[in-house]
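Chain naming follows the written order as A, B and C, and within any one chain the residues start at number 1.
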Amino acid sequence: MGNMRKMAITACSLFLAFGLAACGSDNNSSSDNKTNNSSGDTASNNASSNTSSNTSSNANASADKIDTSDFETITYVMLGDKPKNGQLEKVMDKINAIMKQKINAELQIKWVEWADWQTKYNLLLASGEPIDLITIGTDWLDTWGNAQRGAFLPLNDLLEKYAPETYSEIPQEDWEQSKFGKDIVLIPEDHYTQWVNHGLYYRGDWAKEFGITEPIKDFATFGKYLQGIKDNKKDVIPWDAAGAATTLYTGFAASETDNIELPISTGYVNAFYGKSYDDRYTVDSPIFNDQFIDFAKMTKSWGDAGYWREDVLNYKGDTRSELRAGQTGVDAHHTQTYKNLRVLMDKDQPGSELQMFSYSDTRNNLISMPITHGGTSVGAHSKHPERALMAYELIRQDKEIYQLMNYGIEGVQYEIKDGVRVRPAGYDEAKDGFYTDFWGGRVDKFEIPTDQDWSGIGDIYKKYDAIKKPFPYGKFVFDKSNVDPEMTAISQVLGEQMPAILAGKAGDPEKAVAALRDKLKAAGYDKVKDEIQKQLDAFKASEQG
Amino acid sequence: MEVVQKRIRTDGTSLFVRCFGYLFIGLFALCCLLPFLVVVGTSFTKEASIAKHGFNIWPREFSTFAYKIVFENPDLIIGSYVVSICLTVVGTLVGLFLVAMTGYALQRPDFEQRNGISFFIYFTTLFSGGIVPFYLLINQYLGLRDNYLAVLLPGLMSPFLIIMMKSFTRSIPHAITESAKIDGAGDFTIFMRLILPMTTPALATIGLFIALGYWNEWYNAMLFLSADMKYRPLQLFLYNVITSADFIRNSSAASNVPLRDMPLESMKMATAVVATGPVVLFYPFVQRYFIQGITVGAVKG
Amino acid sequence: MKTIAQSAPPAPAAVETSKRALRARTKRFWNNRTLILMCVPAILFFLIFAYLPMPGLYLAFIKYNYTDGIFKSKFIGMENFRFLVMTGDLWRLTFNTIAYNIGFIIFGNFLQIFVAILLNELRKKWFKKVSQTLMFLPFFISFVIIGLIAYNILSYDYGILNNILKSFGAEPVKTYSNSHIWPFIILLTYLWQSTGYGSIVYFAAIMGLDSEVVEASEIDGANALQRIRYIVLPWLKPTFIILLLFSLGGVLRGNFGLFYNLVGANNTSLYATTDIIETYVFRSLMNNFNFSMGSAVSLYQSVFGFIVVITANWLVKKASPDNSLF
């Protein structure tokens, strides 16, 4: 024991000593940061007070007065794997030549590769490294959460001066949706048309063969299509899904109820929805609707009928390539993917007439995408946020840079034929392929249509435009700090119960749904619901007040 | 050794044990080989055929497309090999020396501080500061971003290996150290001249573990070596291939991700083959030292 | 920490002796200087790479704000631990994790020793080499791929297992909806993957065995079983104890890759028997990356492991002082 005690003492004292040393150094550095920050704040305050005092006198001249005498390197964090064929460097050289000349800076893309991207993306923010520009997305990159943790620099005072065109291009309404509290923490990708509403893809030729001549508009008819495959196509698994399709849940909510999704993530699927577009300030949940039991019965009957594999929950195959190989008849994703896949299918399975049953088709329950699905923020510890915004302004407002960034070099990556972007003759994907994954502020005004997109997509857009309702929760940021553990518990319950229900593998549907509801209640569903309702009421008051 | 064996009569029990050994080890080795053959077979199978028929040892529809993609840029993969091999060789040599040295010192019964230091080392297996402080340490305090040292240094030693070494070295009688001390040799000289040569099997084992650690390491590389580095360790390169394929397919989280065509399953298998191949060739080489260990032991007494 | 509190201040009479003791100790310290110097690289290494980041465990008790940094963020006490207790799953998860680890330790070590001893009995060199190399292969196959292979064997409609069953006219089994067989599948996969790798340690230990002792026993007429029972096994005991103590420290840490890829993120019908702390935490944090909560879980696992190891080491020390870790 004597030895033990000595050891414990040495260990503890060592631990304390070094712990303290590390604390000390950490403290220093963080206090350094603090002072840096505060000085940065005062500087920007000064700047803003300068601008505000100047704006009255010479507002137009202020843009010319920006000091760019020091050459700066601006980093831009993007998600994706860096292209390795050397094309990226060539394009970046061109972009940076313009950047150097216009703002005396160069742009450097920092790739967060897909391998463990969540860890890397969040670590990058958590470590307090100086980041200039970074891709964000409120619905998939936990941007509000990160904003709450102080990851981004408030841009209120900087935008007008350093990104004036973007600042005026984005309407005040959209800026309101980019705020956390009072701070503008992101620049939204609000001028780019894309539809990421989900639906099921099916083969038009097969549907016709089974006597379904009208476009499919509901799950019941879709079930007939699946049965048709089962009956008529030997060796084809009607819907060879990999894992339980969460898409069915979204589909249920849009197709069988009037619920509209709230921007509150509860993991596997989102439990909390608004009651309907008209009654959007009332919390509701598709799970607690009566129709959900019927829906669970439907998935059970689909599963029992063998529309998907017995062990669908563990299957990891690639449904999309199976569809393209003619081995399955269904795939699920959103419209943006469809316009691409349709072209590929026309090539792979000529005459397949791939169609999309969009969930909004049933009862026109279609809400526009939040404008903060994509966007760009400035890191809290950025050393030169001013120049970063200027660089962003160029990417978004300079046609040449924009098209270089998104399409590459004309003549190498693309050619324009009758106003349509096509691949040049002799284009080799391995050698000439190029992408930047710039999802932080694409704009329609510089987009060129491409032959990679299905030409009929315009009609679908028109269909959507006729029924779409604006996304009503842009300015609603749920503060979950009061119910954080309950939210985590609810996510757990959903993750543990929902997949089996959606795959029809949870036994008796009525019992399974009842069990799910009980567990949700036990996990604090009501408490969270009340909290959301409280905040929605406040939101309603601010909207209407 | 074998000569000695043959002189002794082989009794029934021993013969039975030996036969059983051949049978059991043979079967077990086969169990290990079969799935690997599945991996090899699938890597040469056409993607569409995999979706339809599942995996197979013998490809139904032969295709080398997966390898074409993995080797899309041969200089990249060769560079990755070079990086991985260099890291493994340098790391193993340095690490092995340090581990062996520490292990020897810590097992000396006359070394008073050995328990304290052992505990100091062992304690780190239980508690770790977590990923954020470690990331800050490597990136900000040591400034090793995009530096191979960020992968090399943390892999040099592990408490497990030091304690293993300590235990292996203990089998060398302390009398050897003592008599050498009487002859006037210093501790370090004893370690270098006497102990090191006697511990070849232990060194081979520990070295093998260190080497495997380096060869399989991708996590630190993923955290600290960014895509700006042209050549990164092989495992990271391959891991990226696997995960980005996975990610692109399950991209409902990020609906922005464009559709890129890839032979997904076969490519995963191909990466496994590429990553494992060299080690299969390397292992028998290390094995020599295990066998050698026996003779050293024989001379020793 | 208790031990510190217990150490009473030295009585005045003892001061003189303690002074002498101090001098003696300094002298011994000086005598050991080379040995200490030999440990310096290792000490520095662990100091920098393990101890320096350790204060970061403080993360478990704060609401981490990136702008403020770790030590300026708000202290919130045990709040980060609450989510673990909320659903009442903690007990089940702890139980599952420990049960699996104990299974891995017992069966894993048994099989590793078994294989190492058998390998040692074999005489054909080429056979030894080839089989050892083959047994090593699974170690290099990533869990992602192991998961895919397992599915191809076990799947209901097209799996190899069911194809075989069907060809014998037997009923196919629904492996992926039967949670009771999964502990065995996971254990078998673990053994399959780690035995070749793990047996290396024991094999090397056997190689260190003095061959004269072995020969002497053979000349005395001991057969293989007797030799194994009375010479080899006792020889392996210290190695086994060290490996045991090492694995006990991580008794609450699960092998995420193994479970996640075999069971999958979706198959909730198997969770009763396959959910461990790591997979649970992964699901909790998937869409809300919270480093503080992660730290909280890790701290729970560390403290638990620490208590287990200290107890086990104390027991070992009582039984055979030479074999304890520290």
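Keep this in mind: a contact is a pair of C-beta atoms (placed from the backbone, for glycine too) under 8 Å apart; a residue touches a chain by one contact, two chains touch by 3 or more.
All values reported here derive from a predicted model rather than from experimental measurement.
S.K.: Which chains, taken as a pair, are joined by the highest number of C-beta contacts?
M.R.: So the pair of chains linked by the most contacts is B-C.
S.K.: Taking each chain's centre as the mean of its C-alpha atoms, give the chain farthest from subunit C.
M.R.: Between subunit C and every other chain, the largest centroid distance is to A.
S.K.: Measuring from the mean C-alpha position of subunit A to the mean C-alpha position of subunit C, what distance in angstrom results?
M.R.: Taking the average C-alpha coordinate of subunit A and of subunit C, the gap between them is 38 Å.
S.K.: Determine the centre-to-centre distance between subunit B and subunit C, using the mean Cα coordinates as centres, and give it in whole Å.
M.R.: Distance between chain centres: 17 Å.
S.K.: Could you list the positions in subunit A whose residues touch two or more of the other chains?
M.R.: Residues 7, 14, 29, 119, 126.
S.K.: Using the touch rule from the top of the page, what residues of subunit B touch 2 or more other chains?
M.R.: Expected reply: 115, 119-120, 131-132, 136, 141, 239, 242, 246, 265.
S.K.: Any chance you could list the residues of subunit C touching two or more other chains?
M.R.: Residues 51-55, 64, 70, 148, 155, 291, 326.
S.K.: Could you pull out which subunit A residues touch subunit B in their complex?
M.R.: Listed in rising order, the residues are 3, 6-7, 10-11, 14, 25, 29, 79-82, 84-85, 110-111, 113-117, 119-120, 123, 126-127, 129, 137, 140, 196, 235, 240, 246-247, 317-318, 320-322, 325, 327, 333-334, 336-337, 340-341, 344, 373-374, 430, 435, 437, 439.
S.K.: Inside the complex, what are the residues of subunit B that reach subunit A?
M.R.: Residue positions touching the partner: 47-48, 50-52, 72-73, 76, 115-116, 119-120, 123, 131-132, 135-136, 139-141, 222-223, 226-228, 236, 239-240, 242-244, 246-249, 252-259, 264-265.
S.K.: Within the complex, which stretch of subunit B touches subunit C?
M.R.: Those in contact with subunit C are residues 1-2, 4-5, 8, 11-14, 16-18, 20-22, 24-26, 28-33, 35-36, 38-39, 53-55, 98-99, 101-102, 104-106, 108, 110-113, 115, 117-122, 124-134, 136-137, 141-142, 153-154, 156-157, 159-160, 162-164, 167-168, 170-171, 186-188, 191, 201-202, 204-205, 208-209, 212, 216, 239, 242, 246, 265, 268-269, 272, 275-276, 279-280, 283-284, 287, 290-291, 293-294, 297-298, 300-301.
S.K.: Across the complex, what residues on subunit A touch subunit C?
M.R.: It is residues 1, 4-5, 7-9, 12, 14-15, 18-19, 22-23, 26-27, 29-31, 33-34, 37, 118-119, 121-122, 125-126, 128, 142, 145-146, 149-151, 243-244, 265, 267, 309-311, 313-316, 380-381, 484-489, 491-493, 495-500, 503, 505-506, 523-524 of subunit A that touch subunit C.
S.K.: Which residues of subunit C touch subunit A in the complex?
M.R.: For subunit C paired with subunit A, touching residues are 1, 3-4, 6-7, 47, 51-55, 64-72, 79, 82-83, 86-87, 89, 147-148, 151, 154-157, 174-177, 263-269, 271, 280, 283-284, 286-289, 291, 293, 314, 326.
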